[in-house]
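Below are structures written as structure tokens.
After this come two complexes, each holding chain A, first together with chain B and then together with chain C.
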Partner chain A sequence: MWFRRLLAFFALLVPLVLLGIAVFLVFYAWPAIHYNGLDFLWRDTWNIGNQYANPVQRHGETVMPGAQFGILFLVAGTLGSALIALLFAFPLGLGAALFLSEAVPHRFGHFVSFFVELLAGIPSVVFGLWGIVFLIPFLSHHVFPVLARLFHFVPFLTRPIGSGYGLLTSSLVLCLMIVPFITATLRDALRSQSTEMREAGISLGATRFEVATRILLPGQKTALAGATMLAFGRALGETMAVLMVSGNALNYLPHNIYSPISTMAAFIVAQLDSALADPTGMAVRSLAEIAVLLLVISLITNGIARLLIGMLKEHTL
Partner chain B sequence: MSPASGDLPPRPSSGWIRYRRIKSAIGWLLAGSALIALAVAMIQILLYVFLKGFHSLSPKIFVESTVGVGGGLKNAILGTALLSGSAMILSALIGVAAGLYLSEFGEGRLGSLTRFLSDVLVGVPSIVLGFVGYVTLTVWLRWRFSLAAGAITLAVLMLPYIVRSTELALRRVASGIRESAYALGCSDHQVVFKVLLKAAAPGIGTGILLALAISAGETAPLLYTAGWSNYSWSGHLIHEPVAYLTYVIWSFIGEPFHSAHALAYVAAFLITFMILLINLLARFLIASSPHSNR
Partner chain C sequence: MSKLRIHPHLRIPALAVLALAGLCALYPAPSQARTIHLIETGSTLLYPLFNLWVPIYTATHPGIRITTEATGSGTGIAQATADLVQLGASDAYLSPALQRLHPGLLNIPLAISSQMVNYNLPGLNDRPLHLSGSVLAAIYAGQIRYWNAPAIRALNPGLTLPHHLILPIHRSDGSGDTFIFTQYLSFSTPAWMMTTGYGTTVSWPSVRGEIGATGNPGMVQALATNPYAIAYIGVSYRSAILKDHLGQAWLKNRAGRFVSLTHSTVEAAVASRAPHTPPDQSISLVFAPGAQSYPIINYEYAIVKEHQASRHMAQAVRQLLDWAIAPTGGNAPSFLNRVGFAPLPKLAVLQSRRQIAKIH
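The block that comes next holds the complex of A and B.
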């Protein structure tokens, strides 16, 4: 029995660590949550206040005069970049998974999907480096001008195209980083379907593409939704690559798809140094409030994904 | 409609069939181009990093420490190995034990809670872990930027991967093996140490290696826990900042000097190469395992 108890103790560490992180973050961010209130999400000014004045009391908290913490521009940047990334990643991942699972010989499919999955192994910061030295010059010289000229009548796609650091660049980098989640999960799910389903489809006169999209795919809708949710969660919380290619906008709402942005995760890295200059500590605690938000978001996205994939398991077992 | 008539349904016209065939061909074309687009992007990134990095690679990189934005990367290479290595040991000890519990005795409430929360922990953005590590370890415990703070933060990041992969690896071990061991009178710990861990070793090893690869490529959890140092680690667990490769990539590419860019490329090359190597090794390990289902 002692051995089981010992193992149980180690297993208990995992929930305890997560609980510890959550409780600690909320506790630490509490003054900021109290000071900023729920308006935090809808205000678009992040200003740590006048650092040369004396601290003042406001709403029962000690802050620097003029301090105001709003993250609407971060919410816009985070949601915008993740959604656009998903907009690209979903069809790419879906197409690649269908092709790998149904159109090419298994051995070859296995080989190629290994390489696609390696994409997921490339570190975030290397994606950022590639973004800075290759993707941004390429996009801003060759792609964005053409895009803006072709779609000059579409709002959000028109000029100015900016420097290349911005929303669309971040989304493209994020897309490459999250596609492997969708492709790998969906390919495995499709492969796991019985050969009889495929044979039955073919014998009814369906083309292989129709078998793949009308017979096999509908059975894997929950797997697809779960994988997409996981990928979305990843895109929302991605830090380094976005930090390097987003342009790190401050108090600036994107007005077209080329605008510089910043995301919640990237903002924590970018602003921690200057937040530490605030002698009242409110700026760092407001960053902690952003971290709390990120934690809640990951809890929601992973919870939903887990529920979807859990449903799937009951279905197949 | 009526079964008695015995008529076959009307044959689809050849035009309809041709339309469906063309539609399918276009569908495959789109799906194939999605795959090609991904493969091209992947190869482009790898080639770019490898060519740029290889170009700046020299023996100096491995024997000299960083001086300002020049010099070598000895301190960072050592630091990455130290940080990831100690984080791996720490989280492998806890993670394998937790995975054992989940697979062998984890049918109860604690088991499902741990399973769910470790899935959630996988999804927690690494910067959140870094921020918490900074506020607790670096500031509150006054460890300052240090190996201990960085390694513990990384260990938390790796933990859920190791827990879940260990559990999966153990579940793949046939239950007959467990039953035979128990029938021979083995106690819990004998079954675990003498039978299960041996049988599941390749799977567990693969999980640990993949977690190691993930931790080696992380930057955000280390920025405010490990800090940066121009010197090689001198043996202090706390109060001494540690250099690591991913910091060089992030920070030096923003400097306006050739030497800094060269170091960033080399660091990217080294870290990507190491991670690909670990990934390949992990695949090889699982493929060569006698108990694998693949």
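The block that comes next holds the complex of A and C.
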């Protein structure tokens, strides 16, 4: 009996911690949610107010004069960078997984897989450093000018190309960070499929490509959707690497793909120190409101993933 | 001889115990009965100086251990008020609202820092550019967009400036550097004061080509890799600026003269502004009057609670701070020159001592 209770305790611990964090965040952020209202989502102003003036009363809360918090630019930066990263990472991850499970001898596949998994384990600050020292100068001097000239007729891809810090750079760094997730998950799923399926396909005269795309992949739709959403979730919450290469735009939306952005997670880190000096505490509470929103977005992402997986499962059956 | 045998299930725990024993042997218990452990956290600008101080100070003061952390001025203030650390380090003095909220909180100047305005103009980095507060404000507000704008040309007759977009770099994290830079813009340009003002974080106007960088190292890196950029950087990073062959501007002071950042211009600014320091030492030294005064300098503060956890702790904090501001102690040129700081003037030392004496 005690054993069962112990297990129940351990099993409940994880959801309880999650619930505890969520409840704490909402309670802590409540004055900010009340003060900022819905404008929080639709406005592009983050202004902690004049810290050297006297606090004033507004909307029933004590704030520094001029304090106004709106994070539309953060929501746009977060979703934009994660979506573009996924756009690159999906075909890359899919291709790499197919290659590793179908196209190469097992021993070589194992060898390369080891490096893919290693890539997943690299701390994000290393990606950020590499992004600053190598990727940004390289992109801004050699890649972006060419890209802007080639696509001068596409609105979001034209000049100005800026300094290299920005949306596309963040997306590329994020892409490298999430490709291993997609590759590793999908490769395992593909490997788990029986050899008979492959043999049957080839005996019917299908090429290797056809076996992979017509027989193996359709059976792994769920794994593919799951891996993609997992990767998307990781891209949404990534902090350090994005903080280092995003250009940390404040209070404006990206005007093209090279433009500086800022993401919700990175912004919390960047602004916490200043916010701590706010005597009214509203700045820190507004940062907590961003955290609540980030939590909600990840819950929605996860929810969509589950829904998608459920739908695909029904469809296959 | 029989071999020592350990049951396979016990091997890992046994190894862990051995490792722990090894660690304990490496860190022997302090020989002194009472070791006082002080923690300093905050300003990343003061951090290198504290790291120069600590080994020398602890060598001559056995029984004191000091941990230093570079977290940012806001964190320094917050952790000192929450009694998590004994010494908070801040580039900015406490705001009136914070002082009212925490009546027993002292800001005690330890040294004087200054700030450079640097640029990366290919071919022109060895020629000192002349810039004024109002031109810098217009650049950071996006009203002056190109290097060869008439306002910049007028300050620099004889220089051929390129027709290239200016990339203004600012700190994206909360920073004392932003605080003093925006004070220079605010005090010299009423329009900037009205629209943006000053603070450790400000709501920067959106400018095409602007870059937000994290920390002084991030500022140097962003400037070095982006030709035609401009940035404000703490004086401790002067060697990095010289190494990367970046330009350093002469700034227009309150008297209307363009001055470079040297020992004598910083001293001139200190001499003109320090006598006005109030007893609680909350004062901005930015944009000081005087023909030779360098316009962007500031006190580096220790944020300390008057009432410490114990008598011994209070005594240790007083002793350390008294040593830090002494011209023969922490304010000796051997320390300050290495980070580019200037010593406190005599009057400020006296005022700081009076504040330190309040710690109990």
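Observations, loosely collected:
By definition in this document, the second predicted complex is superposed on the first by the 294 of 317 C-alpha atoms of A that agree within 3 Å, B and C clash if a C-alpha of one lies under 4 Å from a C-alpha of the other, contacts with A are read in each partner's own complex, and residues count from 1 in each chain.
In the analysis below, a contact is a pair of C-beta atoms (placed from the backbone, for glycine too) under 8 Å apart; a residue touches a chain by one contact, two chains touch by 3 or more.
Values in this document were obtained by computation on a predicted structure and should not be read as measured data.
Of the two partner chains placed by the overlay, only chain C lies in contact with A:52; chain B stays clear of it. Of the two partner chains placed by the overlay, only chain B lies in contact with A:209; chain C stays clear of it.
Of the two partner chains placed by the overlay, only chain C lies in contact with A:163; chain B stays clear of it. Using the contact criterion defined above for the overlaid structures, shared-chain residue A:176 touches chain B, although it does not reach chain C.
With both structures placed on the common chain, the touch criterion links A:136 to chain C but leaves chain B unconnected.
Looking at the shared chain after the overlay, A:250 reaches chain C, while chain B stays out of its contact range.
With both structures placed on the common chain, the touch criterion links A:10 to chain B but leaves chain C unconnected. Residue contacts after overlaying the shared chain place A:272 against chain B and chain C alike.
After overlaying the two complexes on the shared chain, residue contacts for A:36 are found with neither chain B nor chain C.
The wider contact with chain A, measured as residues touched, comes from B rather than the other of chain B and chain C. Chain A residues in contact with chain B (one complex) as well as with chain C (other complex) are 132-133, 243-244, 269, 272.
Considering their complex, residues 3-4, 6-8, 10-15, 17-19, 21, 24-25, 28, 91-96, 98-100, 103, 112, 114-116, 118-119, 121-130, 132-134, 176, 179, 183, 205, 207-210, 213, 230, 233-234, 236-240, 243-244, 265-266, 268-269, 272, 284, 287-288, 291, 294-295, 298-299, 301-303, 305-306 of chain A touch chain B. Within the complex formed with chain A, the residues of chain C that make contact are 71-75, 77-78, 92, 95-98, 100-101, 165, 167, 172-175, 197-204, 206, 208-214, 218, 221-222, 225-226, 229. Taken in their complex, chain A has these residues touching chain C: 45-48, 50-55, 64, 66, 132-133, 136-137, 140, 160, 162-165, 243-244, 247-252, 260, 262, 269-277, 279-280.
Those residues of chain B that touch chain A in the complex are listed here as 12, 20-21, 23-25, 27-28, 30-35, 37-39, 41-42, 44-46, 48-49, 52, 94, 97-98, 100-102, 104-106, 110-111, 113-114, 116-132, 134-136, 156, 159-160, 163, 187-189, 192, 213-214, 216-220, 223-224, 246, 249-250, 253, 264-265, 268, 271-272, 275-276, 279, 283.
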